[in-house]
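What follows is a pair of complexes built around chain A, which joins chain B in one and chain C in the other.
Right after this comes the complex of A and B.
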């Protein structure tokens, strides 16, 4: 790991002022569970790490009127243990439980879950986010994620990038219409839909999210909607691992929203599936929503099975949502 | 520097002071490059490293001083600097759980936490749970149930199991499996560990 400067100021704006907008020059540390490993592996080599551990203002869960305001540095364990979250948003608690490791839940944060780097094994082994930088003498420059073992890779939006968004929370938060409060230099603040945090990089210069090096998520706001909601994760094991396919469904009086995770470089919203569910969820409409969600998938050489998993996950998430309170 | 003006005196620090402070020492190491090239506002009094800094860690109820670079993980500080070798280094990437410690009573991977981040928090390693002369109820129970084979992962499981028993005195088998979800045993002794933890729970209540 490259040596770096370290600071842990108590004020968010002080922390932001210590960050550089140049990509990769500095890094924000929340729980650090992903960042420390990424630094050890040389995937990121910041000159400075700015820790948010003393920034109390972005900790904890508040009821802001009927809405819920979650500090980005709130740990996943705190989120799991919050009774109001459990009552109103089983789709969130299911996703947190799925993380499967008490050690990660006690340290990892809400913001960190959203902004963790993809788990693509080619990326994690130093071949770049687009898996096209192997550095080997006989490497032809094509993406290993296309040519190699892509069983866990994207089945949607996978032309330029094949990794999948790693966040456990994003599908549930997006289905619930949550916003992220993004704070930048000079107290500049903007509130954007959680869905808009993510992007599919079109070149290796781009990241998988839209934040600049000196922007930080301070809060997540979940608007009260009264939506019934549920999440279903397809997993290989119950312990620590990332899901293969996630579906999160929120059913409000205004309509249903279906969001998939781990199937595209970003969380994947399926408007067609939401329409198919409408306001009335039963076995038939849930199965129809699954079919709609899987429409248009472009699986790679080793991951066609994920198309089937999408159908199952959407159906089960919809039924879980229907059964909610 | 407009930012300098905004800050009340003494509230931290100005870029000018930072440049003065780092002066000869850091100038040669290339740190000044970042300061000069970007609009980063410094707070020198708060920025430490990249060289060694002195920190105090509260380990098993005792304060211990150690000098580490900010990049040193808590696991490396414990094992290599402070001779607490109970926490094991196996995957070193937050996956296997052999390095599990308690931080303010909650289980955490010490390989994925910087030592500097643990300052001011209560660290408990497996050494703080029992001694060879006086094992904890859970350690006794692991022996009783033959809940280890090669034993290398055992300290992490003991700590993760202790974290569970501290918050849940009546765990079900499902509770135990959830609590151990962040630990791996390549020998596959889970079937011994689950009853070991459940029986230890009973023993701790005096019911064994």
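Right after this comes the complex of A and C.
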């Protein structure tokens, strides 16, 4: 492992000042559960690691008027244990519960979950985020994930990248219309939709999110909407595992929002499914929403079954949302 | 005089009771020192550079930059220019450095140019069979099928899995005063040194092996292996202690796998369920090693009119190693699934069907037909078969379908040759010494139980010393042979020690030595507690010299204390979500005969462990190889999925403990209970959803594909 500098300042702006905007040069560390593994595997090798562990200002959950303000360094366990979150946002609680392990609950964070790197096994085996690193074999095709074993890969938006966005918290937050407060150098702050944090890279120079090396998520704001909400995850094992497909649904008076996880390089919003649900959810509209959500899927050679799972997950998430409160 | 024969069933004190394992507390608190935990002064850290491709040759290798790094003390080239390697994960070079981090950086500094050669990964299609094809035929197969009312044909398969020992393979070693001290993770304490004589340049007697606890072997840790030898060579060259344990990815790629197995099967049945014929064409791959030998049809080997063939596919994966009951789980899955499918086609209840065909058993277990009937009935009772059983395909509404499935197995498990001695000290304390190994099975505890039982003293007066090759030699723990071996040798040694003690103390009780017995913490005239003295007092009469009894399997008085051949049956109760393909275990029931039980608790936990391992390979576990690069894609603990507590459901274990079973003698239990889970679960899933999911593990994609 390459030697690196380490700092853990108490002030967020001090932390940001220590970061470099050059991609990969430095890294923000929250719980470190993904970052440290990635460093050990040589997937990233920052010259400097800046820990957020002492930055109190981005810890904890506050009620900000009718909205909820969640510090990015809030642990998953805290989020899971929060009674207001459990009451208002079962779609979040379900997603966090699914992550499961006590270790992750006590050190994994909200910001870290959102920005964890993809689990694509070609990427994790050092063959590049786009699974196109020709050095890995006598391979000169476009993507090993297209030509190889893609049973867990993307079924939407999978032309240039086939990995799936790994966060199961993101779909729940996006369905609820949550924003991320992003802070950069010189106290520059912008608030963007959580959905806009993510992007599908168009070349191997790009990452799966839009933040610069010296930008940090400080908070997540969830606007009060009174939406009924729910998440459904299809999981092989009960714990220590990522879901194969998830769906989060929020139904407000203004309409429904359906967001899928683990099916595309980004969390995947299905407007058609939202429309199919409208304001009234029953078995029929839920099933219809599932069908709509699966429309336009472009499965790869080994993951057609995920299209089926999308239909079921959306239907069940919608029914869970309907049953909320 | 004490005899080595086991006490009558009604006359036992600790033998066969539930005893918590002695090393439980140090394992749960983390105080236990595994090979991995050894940290010696000045110790270097060894690492392997492994092949990144599935097949190739070394065009050039340059280690000079690594050698030049400060703190890198030895670099060893394993594959030289022109050498071929046959799988990704194979060792190319090794080095030892003053820290793990430095060792990793030094590996990066080694420059290798590879010539990439073609690889073969797919083992699912019969067209790839290249190895020798074995065939055999019994009776008149054509006539057997002609006689059948129903001919069922199906394909069944088991994907390759690894041993995935939680403690990886490897050792720590140190040369001192011209001798070698080694701390390996091994299933073969007594034989381990033999594998290091060449690399160390020492006779085995100069190699001291110590392994007090180890984290799983399952058949993959019998020898010193390449890593043991390389570690020894690095230590020798550096003149410093070296630790070399495999990294997780290398562990999964190189340190052992269970061969895959596939078969096209044809079964002939009469309307009443009588099996008339069997034909199977099987194949599998053990990577660069052989694929092992399947036993088809399994358990029902006396099916008349049968024809079987088996071929091997060579693939560019690390070689197979013996995996807990080699060949049996695969043979069992193929046989029990095909038979159950045939029964379902005939519309016959599987329990009735299996019982009906028990006249076609080919197992060496005496009275097998009755043993299986009794066990099937007990399992059926425990799982609630009467209430829950239904014909194939749960017809209730809703997406969750429930089903039951069953399977039967058999295993040998005779004790291996073993030596032990028992020392009775004048202060009343006792030590039992045996160079056996405790794989987490409770061997250490078993020795204590046997000696305490034999001497009529509490277990805490007995110190069990194992895991060191200076102790009386034992054999490797493979084939479920350990308990039969060490219970015999320790019982023999304790009996001999006791008789020697009787000779010294008999005069104190005014009777001949052969009129004495030891029970309840006393030495007394047989059947006369009035004429007794305490164990302590008797020991005090020994003067200053401890008494040592030596023992062996076979025992010195010729009494056979072990036996072999068991049956066993298992049933599974599962729920399957037919919309998602997710399978959930509600309950697993295991009924196991095993002769004389030494420690009921450890015996039960051995079965629990086997069921958990069985649920794992039935539902989750699979070594996935990339068709393009030939790399193992899931050489980690994330996509290489093992069941967790929440996944295994309720585990119900019933050990057969009648007088008849008790009187058989001690038989090994490590392997039999891991054979049936895959078949029982696959049958339960078929019963639930109405179709067979042909290949294990039964992951959502496979279940949905079968339903489509």
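Here is the rule we go by: the second predicted complex is superposed on the first by the 321 of 325 C-alpha atoms of A that agree within 3 Å, B and C clash if a C-alpha of one lies under 4 Å from a C-alpha of the other, contacts with A are read in each partner's own complex, and residues count from 1 in each chain.
The working rule: a residue touches a chain if its C-beta (ideal position, glycine included) is under 8 Å from a C-beta of that chain, and two chains touch if they have at least 3 such contacts.
These figures come from a predicted structure and were not determined experimentally.
S.K.: Quick check for you: in the superposed arrangement, does A:83 touch first (chain B), second (chain C), both or neither?
M.R.: In the superposition, A:83 touches no partner, neither chain B nor chain C.
S.K.: In the superposed arrangement, does A:253 touch chain B (first), chain C (second), both or neither?
M.R.: Neither partner.
S.K.: Using the superposition on chain A described above, determine whether A:239 touches chain B (first), chain C (second), both, or neither.
M.R.: Both chain B and chain C are touched by A:239.
S.K.: When the two structures are overlaid on chain A, which partner does A:119 contact: first (chain B), second (chain C), both, or neither?
M.R.: second
S.K.: A:305 contacts which: chain B (first), chain C (second), both, neither?
M.R.: In the superposition, A:305 contacts chain C only.
S.K.: Which holds for A:203: it touches chain B only (first), chain C only (second), both, or neither?
M.R.: neither
S.K.: Return first, second, both or neither, reflecting whether A:106 touches chain B, chain C, both chains, or no partner chain.
M.R.: Touch status of A:106: first partner only.
S.K.: Of the partners chain B and chain C, which touch A:127 in the superposed model: first, second, both, neither?
M.R.: second
S.K.: Thinking of the overlay built on chain A, is A:21 touched by chain B (first), by chain C (second), by both, or by neither?
M.R.: A:21 sits against chain B, while chain C stays out of touch.
S.K.: Which residues form the common part of the chain A surface touched by chain B and by chain C?
M.R.: Looking at chain A, the two contact sets intersect at 1-2, 238-240.
S.K.: With touch defined as at the start, can you tell me which chain A residues reach chain B in the complex?
M.R.: Going through chain A, the ones touching chain B are 1-9, 14, 17-22, 25-26, 29, 32-33, 36-37, 39-41, 47-49, 51, 53, 77, 97, 100-104, 106-107, 185, 238-240.
S.K.: Quick check: in the complex, which residue numbers of chain B touch chain A?
M.R.: 3, 12, 31, 34, 37-43, 46-51, 53, 69-71, 73, 92-95, 97, 100, 103, 106-109, 111-114, 116-117, 160, 163-164, 177-184
S.K.: Within their complex, state which residues of chain C touch chain A.
M.R.: On the chain C side, the touching residues are 52-53, 101, 104-105, 108, 116, 579-582, 619-620, 624, 626-631, 633-634, 636, 638-639, 641, 643-644, 646-647, 699-701, 704-705.
S.K.: Across the complex, what residues on chain A touch chain C?
M.R.: Answer in residue numbers: 1-2, 42, 119, 121-122, 124-125, 127, 136-139, 141, 144, 147-149, 151-152, 234-241, 244, 302-303, 305, 308-309, 312-313.
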